[in-house]
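There are two complexes below, and they share chain A, which is joined by chain B in the first and by chain C in the second.
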Partner chain A sequence: MKGFKAVFKREIANYFSSWMGYIVVAAFLVFMGFFFFNGLLETNIADMRSFFKVLPFVFLFFGPAVAMRLIAEEKKLGSLEILLTLPIRDWEVVLGKFAAAAVFLLFTLFCTWPMPATAIYLGATDPGPFWSGYFGAFFLGCSFISIGLFASSIVKDQVLAFIVGLGISFFIFVMGEPFVSSYFPEWLSWFMMKASLGYHFTAMGRGVVDTRDVVYFLCLIGFFLYLSTMSLTARKW
Partner chain B sequence: MNLRSLSIRTIALVNLLLFAGILVSVVVLAEMHYKRLDLTANRAYTLSDGTVKMLRSLGDVLHIKVYMSKDLPPEFTAAAREIRDTFEEFAAVGGRNVNLRFIDPADDDKLKADLNQMGILELRAQIRKKERLEYKNIYFSAAFFYRNRKEIIRNLYQVGSLELAAARAVYKLIRERTPKIAYVTSAKTYDLNEAYSTLYKELLKTFNFAKVDLDKGEEIPEDADVLFIAGPNEKLSEWAKYQIDRYLTNGGNVVAFVEQVKFPESRDRLVRVNSNLDELVASYGVKVNKDMVCDFLKRGIIRYNYGGQIIQAQYPPLVAVDKVAFSKYPSPITNGLEVLYLPWTSSITLEGKLKDRKDVQYLAVSSPQSTIQTSTFTIDPARLRPIGDKKERVLAVLVPGPFESAYKDKPTPAPPAGAKKETKKEPAASNGKKEGEEESKEENAAAKEEKKGYLVVVGNAFFASDDCRSMFWQTRVNMKFFQNLFEYLTMGSDLIGIRMKKLSLPKVLEEKLNKSKSLLWAFNIALMPFLLFAFAAGFKIWSFMRKRRYEEMVGR
Partner chain C sequence: MIEVKGLTKRYRSLYAIDDVSFNVDKGEIIGFLGPNGAGKTTTMKILTCYLPPTSGTALIDGHDIMKESLEVRRLIGYLPESTPLYPEMSAISYLKFIAAARGIPKDELKKRLDFAIEATGLRKVLYKEVSELSKGYRQRLCLAQALVHDPPILILDEPTTGLDPLQRIEIRELIREIGKTKTVILSTHILPEAEATCDRLVIINLGRIVGDGTPDHLIRKYGKKACFRMLMKADRQMVESAFEHESGVKEYRFEGKSEDGYHIFEVTPELSGREGGELLFRLARENGWTLAELSYKKTTLEDVFRILTEPEAEERKEVA
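Showing the complex of A and B:
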């Protein structure tokens, strides 16, 4: 695990020492604050539903943006070759980078504290949906990051990694939505809905943690981390 | 491409497929064995205690058949998931006594015909197909079978609270009979079929009704669960009052809407009602005062014509009892209700022993900014002034029995012509008791103790009427109060608890929002980005200084 720790520390330092990280978080906070506050005014209900309703769409961009640099930049600078020659396993590299991005995601979610504080100030009394919503948001964000990490592992350019990550995330996210699944046969649209990210976040956003949703997120994250590891390993073939 | 690299790739592909297969198996297993952790404060997505108690007390197998098309349009999938979750909770709680089946009648023409006979029809669902909208016939209903009875929910998509609808259906199946409400038609009370038609239609879904004209000597049905007296406009006969008293003191539930002032033909001021129902309820310690409450803090809105213009104004005689009052004086009947409107209502004072009773429930209490009118009864919004003592006024109460008879020291009134003769049970003589008599006496005492009855008194009867709904549009929300009231008196608080879960969405506190809107906007949108950049700048400066110090050290 020494390799994991080293990669993790390096990536965390990278996130907090570059302006880009702060710009991404600031943009995320401005968007979320805007949508949350307007949603609160529109519905006139003091809860976080408007926040968790918009969150998946914002994460769709945030996840790939956070992860795009992780491997693609190393490839471009040529540091990946050095990294892979060190006594570190491929999965440690992937896991270290993913864990750093996940911690950065936690930091970002922590920065949204004014929103639940506002909801409570304006009359929200039930903290349960807040916790389950944030719990789900973390899993959803990690899912998008794992997809972004995979995209970053298969291309050399950061921008291209962002676009590929966004494309895959978008596909998995919207494939269960009626406006997409209605183009497919009924049996397939049911399967697509079950496999889509948006479907599994809905219950958590309203206060229910379902083991089916948690298992789905964990499996999806695991699958893309495995793909990313394979992508790194494939360079040696 | 050499053979070695090919085999590595093949192994990698096999590994990938194996890994994906394991993940898919895990997801499928998780779908079959799952747990749901409901973190909402009122456990909105968990079955309520009442439902759990009911399902666990089933004496026979309850069959729940959910007729739901498998190829549902995607628009229905979220609702389908909720339905599946709710019914699966029913099955989990009911154990062996709940047999749950999800059935798609798609290709089974015989089943379709059977369902058609049961009144379960396909619903016409509107779905989006590419650029256009299409219609599709789907099944989305449920049937409950218990012993030889059945209950059906025809459209699961539109039931509101599914748990409530399903629990109601189950309750109707397992109870021995439909609760009955007897309503008094003597002394010009409000006629349920005409004056209260909206309320009546709604209550008919859950209750049976029986008219009883006490003045004509008709008897209160023995199987009546509640006796409802809706604002008599004339004096009840002594015999009628005696019948009501006997019903109440024997453990029956009585709901008395006592109207002391009413809205006359000429729209100038209210007039007194010449009834004696107030005297009867006063004998149990509930005095309905001959006044009209005006609440200058919590009030409804009236629209009226003033010089040809429609004016909208706040109207103190339309007292709005809201969540503040409900939470201060909690009751299962008002638990979770948003508001109850009472127009031209009279205040209630508790007297005698009732003053110190802890089990009396205040169902409606006005705000501390309430005054009363005792003589003029002005209803003109332009002339209403807050004159007199300002304090909270009780407007509706629920008093649990047992009750002492108002006719304890009075002679039994003579029945009207045509009334059945009274057959009084003589008390058992102290000597010469028969075998088993002691036992039956104990049983009777236990039954009486168990069935102590309730008296509900509201200082108004107009608030339930159709005229009130058309005059004050806000009073439509009063419907929930009546449903809760009658359900409580006949079924206990179980069903009320189920409905209330869906009613408690926290409204934004307008006062706080209006006071600090701009501040909150900045707090949510600008504060954290600003702090973030300040932190980043500080971090950068610190890093730069540290680097410079290091370089200086190295340089030295």
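Showing the complex of A and C:
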């Protein structure tokens, strides 16, 4: 676990010491703030519905953007060679990087506190959807990060990693929607709906935290972290 | 300490290294020599468990690089060729990161860091960012990184590239110093450096080992016999026919004409040493050649290197 800790600490320091990190947070807050207050004014209802409605689409960009650097950059610099010749297991590297990105995500979500605070101040009463919504948002963000991390592990270039990550994320997010799944045979489209990120995130947004959704998110994250580890190990094939 | 057995690495149809075997004893400093693309870096990457071999294996202090990779990596300090460091980190935080990842216990940390910093002369630039460091300091930082856990084995891929002559001497002395207690494999293509630093040389060409031994041994084994250089004014054909008919001359070669009009020959007489020289002088006198220079040419490591790595010497094996 020493390797995990060292990698985690280094990546955390990297996120919070680079201006890129803060730019990503700032951009995220500007977007979300815009949609939140816009929603408030349009519907005249003090809730977080419009916030959680656009969140996935902002996360689609946020996740891959946060993760794109993690492995691709190491490949480009060549520093992967030192990292992987340290007595650390490949999964420790992947997990350390993922955990750092997840903490950064948590920090970013925390920065949105003025929005629910405003909603409550304006009279929103039911805190249930807040918590489950944030809970779901965290899992969704982590899913996109794990996908982005995988993308970062298969290409050498950050920008390409971002695009690949965004592509995979988008597909898994919308594949349950009729406009995608109707092209596939019925048994497959049923499966695609159940396996889509959108389906499970919407379920959580309703204010119910179902264990099945949580298990789904954990499986998806685990799956992509596993693929990322495999992709690091693949140099040995 | 290091036992390399039949190591082969194939990229698609090309053999990067082909059946490479050699041993390194404890405390030895081995110079790994070869032209660019000979397979030095590939061999080092395999020994450090970054790449797997296609076939063959190596034992590092008894541990198999494939089966006990973690243990092997613990024993090795590795300096890759391109000094890949994180540009945004300061030198000290980078070293601390490596130390943490290597699991150096807290109570030893300061001692280990101090050792690595002093040995590589990094004290002045500790708090500078890597991106601000000169090539020489980056090289030192990378070396410090390889030393920080006090490994019994060091694998250094071209440790002196990009350094100025003074730094080069410093690093060379450092390696000599470290090599007293550690086993070192270093690659280079600077021959005098290898000769000065290493106990033994392993020469690799087109993926195969073509020479292995101390510099003296290699020169004796592969070098030409005592050879003389003659500078003279004489008709080229006559000289050549004289050499042809003289049984004491084993080999000769016309090297060309000097700027001021002397013919240059390289002659290897049957007899070595002074007797060979006497013979050549006699030949010149009897034939009336104007001899301007007659010098004994010692075979250098460079000659050996050239002989062993001549491109036409061996074609690289390809898979059909």
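Note that in this section the second predicted complex is superposed on the first by the 237 of 237 C-alpha atoms of A that agree within 3 Å, B and C clash if a C-alpha of one lies under 4 Å from a C-alpha of the other, contacts with A are read in each partner's own complex, and residues count from 1 in each chain.
Going forward, a contact is a pair of C-beta atoms (placed from the backbone, for glycine too) under 8 Å apart; a residue touches a chain by one contact, two chains touch by 3 or more.
In this text, all values refer to a predicted model and were calculated from it rather than measured experimentally.
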{"item": "When chain B and chain C are modelled together on chain A, clash or fit", "value": "fit"}
{"item": "Touching partner for A:L84 - first (chain B), second (chain C), both, neither", "value": "second"}
{"item": "Partner chain in contact with A:S228 - chain B first, chain C second, else both or neither", "value": "neither"}
{"item": "Contacts of A:C111 with chain B and chain C, given as first, second, both or neither", "value": "first"}
{"item": "Touched partner set for A:S17, first chain B, second chain C, both or neither", "value": "both"}
{"item": "Touching partner for A:P129 - first (chain B), second (chain C), both, neither", "value": "first"}
{"item": "Chain A residues touched - chain C or chain B, whichever exceeds", "value": "B"}
{"item": "Which of chain B and chain C A:S153 touches, first, second, both or neither", "value": "neither"}
{"item": "Partner chain(s) touched by A:S169 [first = chain B, second = chain C, both, neither]", "value": "neither"}
{"item": "Chain C, chain A and chain B - angle at the middle CA centre, rounded to the nearest 10 degrees", "value": "170"}
{"item": "Touched partner set for A:K2, first chain B, second chain C, both or neither", "value": "second"}
{"item": "Minimum distance between Cα atoms of chain B and chain C in the superposition (Å)", "value": "6"}
{"item": "Residues of chain A contacting chain B in one complex and chain C in the other", "value": "17"}
{"item": "List of chain C residues in touch with chain A within their complex", "value": "45, 48-52, 70-71, 73-74, 76, 78, 80, 82, 84-89, 93, 97-98, 100-103, 145"}
{"item": "Touching residues (chain side chain B, partner chain A) in the complex", "value": "5, 8-9, 12, 15-16, 19-20, 23-24, 26-27, 30-31, 34-42, 44-45, 70-75, 77-78, 127-130, 505-509, 512-513, 520-521, 523-529, 532-533, 535-536, 539-540, 543"}
{"item": "Complex contacts: residues of chain A adjacent to chain B", "value": "16-17, 19, 22, 25-26, 29-30, 33-34, 36-37, 40-41, 44-47, 111-115, 117-118, 121-129, 131-132, 176-179, 181-183, 186-187, 189-190, 193, 199, 202-203, 206-212, 215-216, 219, 222-223, 226-227, 230, 233-234, 237"}
{"item": "Complex contact set, residues of chain A against chain C", "value": "2-3, 5-7, 9-10, 13-14, 17-18, 77-89, 235-236"}
